[in-house]
């Protein structure tokens, strides 16, 4: 019994890590068809902002919020100055955001030095049999659910969500209807950046904080996005992180961390071979069917 | 018409997109040397039918036989290599290349057949004198003609055209009709999905009318257009559009 | 008659000369060819005035050109972007090191290393590319997955410390990399110093000429046709997946060529050659030069490698910031590439 719980816990933490790593990326891709290669560096900035706040005596939860807001604002600046010139040129956007990531990584090293003091993991642990579980990770798993629900609410029930979905499906039509697509894109990019900052801050206590820490998120985040596909933000994020964790958890348990990550890449190759649109394309297929049936 | 000697035969083609039925059981047969127009109001399933024939879409049910071979599961490029040449509604010649480079790219797409139809078309459309021009310098109607020549380059047995005269002036449309009629008289099978009734009147030996994803009527232009039900679904629609 | 006319449409002349002077690269005027010839001549006579150390340095600036040309072919001509060319660079270097290092006494040991190194790069690209191109994925997935490939390879190579990762008598060396890789040999000639310099110049010139002919030949045209309109090309009877995979494997092999030259240069290789920062560099060289011109990419790769070398040997911490800023600036203000923009302005010639 405790073994089963332990395995479930491992599965949950892996899925939560993948989901948090990829969430901001998926939001930007799904809504704007732009891949933000500086995503890992945005997460790094979030971790730095949270750490700097904690050092100045700010309580950790507040520090996380500060990080999200700060990186979100930074995202607005980047979007206005650079990214908005690359709408509709997906490869150009990839390359230019890579340039940004190089500047941010090295820039953080120059500005803040190679070391940042770590943040202690809040919350301690609970024990079950011989196993102990980190309360913080349990909290993160729950928080992932809350974040997805909040995103679903934003997209389904708010004016912004409606306009964003309209802009995603047909930008020209949305423009003709008087939606300020430009603003929607800016807000979406800011939301994606804020989520990256939030994730970076939330994961900061679990990892060492360094200028090039963003790199460790690149492989898991991008594989999660590829497997998820761009068709549906929430379905893609949830399906992809769940599926990948299902593969990664046993492989990493038996053969070590690297094999776990390699298994992620192999899973991604197999998934795109079978479903070029990612797992979210299944969801979209069913949604369309049910919509059509309801008509 | 007997289906035994059909070059292209489609049987019971069905295609759904989600819950939308774009094609429900289309039966279609085309003989060698026949020039057929496929018409129908917007949403009748013409584009779906075209993309099923060239392999961009796979049918949910039914099969397609071309030149005695079942091609239902073949990919588009494999169908082209078996001898189907096709053009799109929109200009899709390679604008960065010259006319000759476009034709050369078309020639080397696979094994070549007899290019007599290509030579006829190249001469009749007056493109032989413009080989060195970049495709981007050609006017719209000549780009359409270039695409027809590209489709004919390797000597296909069947030419599939999707609205070849879209955007052409009446004179250009008439010229297109004239050349296609001559090609069919030389033995080439041609199927044209078309909107333009003037063009259809000029070229068609037989007309197939699609409606709601199925064959609604088939016969000579005069026969089909004389039918009240056809006028109601299709020609009535044209009047509305013209009004 | 018009068939003959149709095939006559390609530039006049015959064979290689006709292909080299085809429309798909900058520098087609007699003047441009003269400049190119003069440039090549100065590379050939340069060692006369240079020390072996200087010549080896210049060879170092040149040795990445094959990898950059391969990326130019793939991205600029084929519209397929890869962020993972360094993975194929590393695979060729490591496999060469393993094979050549295990055959120190065989006269053909190093050459078997070359063949297996290039073969390994091509094979990895073929398998990986099969999954990507035959799935017909969206354009953004190729760069992402190739980047992940490069990063995982780097991580894996970093884990190969210790005796369990010794292949034959060659330790992979983990984070510190593989050292003591033997240099190419023919008889008594070892390709070091001046010989290495001439080897590099020769390989680079061959790669450039070969690719320039290739992009102007039929296969290259098909690749450009796919970039312009994938569906149209398929409906002319081309198997698009196969054409893209072919270009991907060719580009990976060229990256392997650079990897082989690299291990000749330093006789060592470390996992960092396929790390995130190195992975960015080929993209920078190609984007800054002008991705749809092989010549511009070659020139820019040479200059930027020199710049990075100068910056990093001066201990300049801003190297990566400068490279990143250059990339952002070029993508924003000269998306055709700096060298291409300058060249077109100079020659005032439309393609």
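Which chain is which? They are A, B and C, in the order written, and residues in each are numbered from 1.
Just so we're on the same page, a residue touches a chain if its C-beta (ideal position, glycine included) is under 8 Å from a C-beta of that chain, and two chains touch if they have at least 3 such contacts.
Being a predicted model, the structure only gives us computed values, none of them experimental.
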Next on the checklist: Can you tell me which chain lies farthest from chain B, using the average of the Cα atoms as each chain's centre?
Outcome noted: A
Checklist entry - Is the C-beta contact count larger for A-C or for B-C? => result A-C
Item to check | For chain A paired with chain B, centre-to-centre distance based on mean C-alpha positions, whole Å | outcome: 47
Item to check | Rounded Å distance, chain A centre to chain C centre (Cα mean) | outcome: 33
Item to check | Averaged-CA centre spacing for the pair chain C and chain B, given as whole angstrom | outcome: 44
Item to check | Touching residues on chain C, where the partner in the complex is chain B | outcome: 2-3, 5-10, 218, 221-222, 224-225, 228-229, 231-240
Item to check | Residues of chain B touching chain C in the complex | outcome: 54, 56, 75-77, 80-81, 86, 88, 92-101, 103-110, 115, 119, 122-123, 128, 131-132, 150, 154
Item to check | Residues on chain C engaged by chain A in the complex (per definition of touch) | outcome: 75, 79, 81, 83, 128, 131-132, 134-141, 143-145, 147-149, 151-152, 155-156, 159, 276-277, 280, 283-284, 287, 317-321, 323-328, 331-332, 335
Checklist entry - For chain A, which residues count as touching chain C in their complex? => result 29, 33, 35, 82, 85-86, 90-92, 94-96, 98-103, 105-107, 109-110, 212, 215, 218-219, 222-223, 225-226, 230, 258, 261-262, 265, 268-270, 272-273, 276-277
